[in-house]
Amino acid sequence: MSRRLVLPVLADFVSATAGRNMTAVAYIAVILGVAMMVLLTTAPAYDATHHWVNALLWLCLAYFVFEWLVRLRHLGRQGRLWFYALSGAGLVDATGALAVPLALVCGVEPKTAWLLSILWVLKVVPGIPGLRQLRRVLVLESGPLLSVLVIFLMVVFLASVAEYYLERDVQPQTFGSVPAALWWAVVTLTTTGYGDVVPITPLGRIVAALVMISGLGVFGLWTGILATGFAAETRRDNFLKTWETVSKVPFFANLGPGAIADVTQMLRTMDLPPRTMIIRKGTRGDCMYFIAAGEVEVDLRDKKVKLDEGAFFGEMALLGNAVRGADVATTKVTRLLVLDLVDFRLLMARHPDLAQTIDAEAKRRELENR
Amino acid sequence: MSRRLVLPVLADFVSATAGRNMTAVAYIAVILGVAMMVLLTTAPAYDATHHWVNALLWLCLAYFVFEWLVRLRHLGRQGRLWFYALSGAGLVDATGALAVPLALVCGVEPKTAWLLSILWVLKVVPGIPGLRQLRRVLVLESGPLLSVLVIFLMVVFLASVAEYYLERDVQPQTFGSVPAALWWAVVTLTTTGYGDVVPITPLGRIVAALVMISGLGVFGLWTGILATGFAAETRRDNFLKTWETVSKVPFFANLGPGAIADVTQMLRTMDLPPRTMIIRKGTRGDCMYFIAAGEVEVDLRDKKVKLDEGAFFGEMALLGNAVRGADVATTKVTRLLVLDLVDFRLLMARHPDLAQTIDAEAKRRELENR
Amino acid sequence: MSRRLVLPVLADFVSATAGRNMTAVAYIAVILGVAMMVLLTTAPAYDATHHWVNALLWLCLAYFVFEWLVRLRHLGRQGRLWFYALSGAGLVDATGALAVPLALVCGVEPKTAWLLSILWVLKVVPGIPGLRQLRRVLVLESGPLLSVLVIFLMVVFLASVAEYYLERDVQPQTFGSVPAALWWAVVTLTTTGYGDVVPITPLGRIVAALVMISGLGVFGLWTGILATGFAAETRRDNFLKTWETVSKVPFFANLGPGAIADVTQMLRTMDLPPRTMIIRKGTRGDCMYFIAAGEVEVDLRDKKVKLDEGAFFGEMALLGNAVRGADVATTKVTRLLVLDLVDFRLLMARHPDLAQTIDAEAKRRELENR
Amino acid sequence: MSRRLVLPVLADFVSATAGRNMTAVAYIAVILGVAMMVLLTTAPAYDATHHWVNALLWLCLAYFVFEWLVRLRHLGRQGRLWFYALSGAGLVDATGALAVPLALVCGVEPKTAWLLSILWVLKVVPGIPGLRQLRRVLVLESGPLLSVLVIFLMVVFLASVAEYYLERDVQPQTFGSVPAALWWAVVTLTTTGYGDVVPITPLGRIVAALVMISGLGVFGLWTGILATGFAAETRRDNFLKTWETVSKVPFFANLGPGAIADVTQMLRTMDLPPRTMIIRKGTRGDCMYFIAAGEVEVDLRDKKVKLDEGAFFGEMALLGNAVRGADVATTKVTRLLVLDLVDFRLLMARHPDLAQTIDAEAKRRELENR
């Protein structure tokens, strides 16, 4: 009997492991594994708890081996075994499963071998939300960023040779070779400034001051480039996410493509789980909502009204009375389009027909709920 | 007799305490309380003044207890006792009133118990001017900011394990465990660089250099994201503040909603107390003003002219003679809309009818004041 | 006879001193004075040269006293003595002239008294080019910047009390009082990280790590706000500078105010001294020029052609052949309007009539110079 | 016979050296030369390998001398000998060829003389991709950047004199002169914070805290200015690169100049070598491509189709089915114009005629490939 209960759960677990990038179990395994690895190196804490630490480490490793095998089998059935095995994700999975055992087999001391379990954190990468966006910025701005890197390296090399020449006789311990001076230059140009290697001759200090000021400049350029790239990318990303949704909402269906592009730039997509409060009665409102998918429930004084796909709500707070008149909550997984007060006004100004529709509906509702 | 004088002042004080977020007294109490707490820990200064310090600390505490009780009673009457008591502000007020006494009652040593009075600074939070704006930026950009945080953590963990492996034999004191290496990694990646833990092996230094350069990158991304978010939010905030005001000024009343949206983006709201000098005769002017509410007084050579709601002034400095011709000061609390020289020209270009009105009025005034 | 030669020069010098903010002599005096003051404190260097150093310091002081008196007399004649004496510039001048002598009279040791000559650097302030622009950014963005400052202070206070509590028993020397911990918090939150005060307990280090990461956040917000403000201010400043000039150039005179506003946003003003090379034959060109005031000389193969106010040149490099065909240099002080290649194309697209005029003139010139 | 083979290769090598800025050989020589110079100063490593190090250093030097002579001869023939010899590039080449030999001839110790070979890195400068862009930003924003520099210097001087006055009696070793305090001020204001010189008096620490906070401000201004400048420059650069190409693509030829300017702002140029995969079947697509020059091959199920100049591809992924249907690769050096999904939609909205053409072609292709 217990088998009947266990088997389907297990099958679900296996298919979740095979399919999605990171299950909740995988996140727990990564965090637990890394925490245990950290504990392993901490002398008094480990001595007191080494049974637990070792057990948990092996458990995490077992999970990652299991995950890798399940995925290999699953994708092998789809005929994409080698595609997966040699892709970035596949290699990360393989490393996570094999690195520690291989090291142990090769005779590496256990405490050292388990250090390799830090590679498990790489599994988190595909789950980082804005990573694709960051990568696009880095790729598109790679030209200027590369320039800054080359300038950075040139300053580092020129400064360290100058500093080596100026300081080598006074501080042979710390500026005794160009590599030592390079270390100083990187520490200084990034404005880290450990203070383990510090010039003491007057000329050496003047060179160092110039390097520090260059450090500010490099920093500024770097940030400026990334900020520029990011601004463009954010606009693009939001537009992409929203466009699809907008063109499916009946309310906007009659608009031409030019107007849809215009409206899309004003809206923001928001995905909500069931039973989430969207509007709380009595708070101040500064946006209205269109339902792109799902359903919400408006809690009026005497009755509950359900609104579904294509309906809008929250417009009254934008049309005079700024205080929300009712609670609104989702009943299912719901996708909303949010229209901010500012953009609501711009929309009213540029598309008077939409404005009239919203206005008429608001008046009808007010009459009804009196 | 003295009771007659004292009671209304006290009633005013109580109602101010109950109503507004932070009264002047509350600000003084926070600053004084924290200063005294700092003094309490400073050995020679405290020994000399401990009567004063103790008295002031108790006084501040008494005020915060009083404030909390007044608010509880006031909101209790409105039937919102629990709403307040469990809200953020209510919890901060409760902590400010109860933390120190509770610690003292529990037998904590007084010098340590009074340290909890640092929590009083949290009362300042709702009074911070641009906080709502900052919060919106952080919420809207939370996706990319989270990505950067995850990348930050991944670099910290990978680097510290690498550094632990490379340095543990050479510097067992400072790199003896992964937590110690984590400390080094955070200090380095934020470019703080205390210098208490510094790698000395060649490979360790190369890893450290990469971490520092990553630090610049993380910094740049972080700043870029915040800068982008901030630019959008500033525009939005200004638009919201100004829109209401613009649509009420008769001068702009005839404009359609599209034009009002356009004009709103050019104006800036400015609130002034009574008897404030707005324009000083003889200075160079680069903006004109519309009166949205209140009244101003123009000090001409031979007479004083009052202008009130809907009037405008300062336009002559934009129409040729850049030097202000008269002093202008407020007589009441006044809300002005400021139109900058640049935007004045764009306005003249895009809305020629407004331009004509301003021009005609300017000519009329010049004739009159000749 | 020598008196005849000297007197006019002296009169010129006096009037220049009275009138302009900073003469070349004043700049030299500031730099020389500060350099000598620095030398005064440097033991071996000063002992060798103290006669020179003292003489030069007194000379600089004499100049600043002279400057102050000349200005007082000059502005006294204009009846603006007190206006000047109490203005910022007047107070800086007075301090520069009186601080050191007063200190010497009061019996302060000379080496210390002369330190006050560092205040001479304040005289440079009105001469800083973009200062007005920076000040406007700081004023307009003062709200958010203040918020960040308050947040900065709150983090500093909360962190230092926490750190004091956690570290005071382990490191009584460095974390023995809250002021000492405040010093640590400022050093850490600004990511300076001297390393003179460093937490060593595990909890203390976790708090410190949070402070460092907050430091990045504060930094990012600060920069983001300033970057946003600066972008707006730069556009405004350029528009203001260019507008006046554009509307006076005959070539643009027929445009309506809307088009002028449009064109203004595309142009950049450039002021040049006489005999400056603007275009060098054979280089690649990516902009054309309109003469707003002054005169230029085009050096063709067989003749020299002069162009004055209202003419334009350099357009051929934008109309096909990218290489400059002739040297062009100014003959007088000249103000040019620069039209970049990008904006040239946008202009051609939006104002076809201007494009035709430029095209026709270019063709005429080509025929002529064949 | 070997002469027949060697000579043309040598001639090619000489002409490449004379003509292009940096050949692959030159890059290798720079990297190798600098690496050997670094090795030269590293005691144990050099002792073991000094024959190799010396040989390679002389080899690199020989190459740079050869390069300089070849260029002098080549440009001498074109009558531009002095133009080259005195230009920036010429001087860098001359320094690279002559600095080390001259130092050796003058009797400088070899290890020191070879340090001059660090100047070889300057040869890399003209090859940095975005350098022209960076330089334009620095030139255009030089006004505000200069202001920030002056403010930086003023803070440094004022703070160091104050700190010298406050700390000289307590720490005569580290704050014994104003130059020493200047060193502290620069280290602090750039937030480097070595920790070798740290104020210890309470007042000195308050001054230092203000300097650190100013450091954040200076940093923020610097970055803000650069970010602003960079945003403008990036748009300009992309526009310039793309404009030429767009106006030559037949697909856009019928558009008026206004529409071309509009389209140009949406496109991005991409240059690809032969046999590069552009689209991989089965991946998600978010852009389409126009061929400005060159040729691509589309790998359909049963045949290979070649597309050349003026054709477009990848549009299907933007018109409904987001997954790429075929592999596409270049066959020659190809220049593409990339149209992003976002801009594709804006284009469809603003230029319906272009949209129809793309739509019709997509339908035709779909029918054909069924």
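Should a chain be cited, it is by its letter among A, B, C and D, assigned in written order, with residues numbered from 1 in that chain.
FYI, a contact is a pair of C-beta atoms (placed from the backbone, for glycine too) under 8 Å apart; a residue touches a chain by one contact, two chains touch by 3 or more.
These numbers come from a predicted model, not from an experiment.
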**Complete:** By C-beta contact count, A-D versus B-D, the higher one is A-D
**Prompt:** Copies subunit C, subunit D: same or different interface, half of numbers shared as the threshold?
**Reply:** different
**Item:** Centre-of-Cα separation between subunit D and subunit B, whole angstrom
**Value:** 40
**Asked** Whole-Å distance, subunit A centre to subunit D centre, using C-alpha means?
**Response** 28
**Message:** Going by the contact rule already set, what residues in subunit C reach two or more other chains?
**Reply:** 179, 191-195, 219, 223-225, 227-228, 231
**Asked** Which residues of subunit B touch subunit D in their complex?
**Response** 191-195, 223-224, 227
**Item:** In the complex, subunit A residues that touch subunit D
**Value:** 141, 143-144, 146-148, 150-151, 154, 157-158, 161, 164-165, 176-179, 182, 188, 191-195, 198, 202, 205, 209, 212-213, 215-217, 219-221, 223-225, 227-228, 231, 235-236, 239-240, 243, 256-261
**Message:** Considering only the defined contacts, which subunit D positions touch subunit A in the complex?
**Reply:** 34, 37-38, 41-43, 112, 115, 118, 121-122, 124-125, 128-131, 133-134, 152, 179, 183, 186-187, 190-196, 218-219, 222-223, 225-231, 234, 286, 340-342, 345-346, 348-350, 352, 355
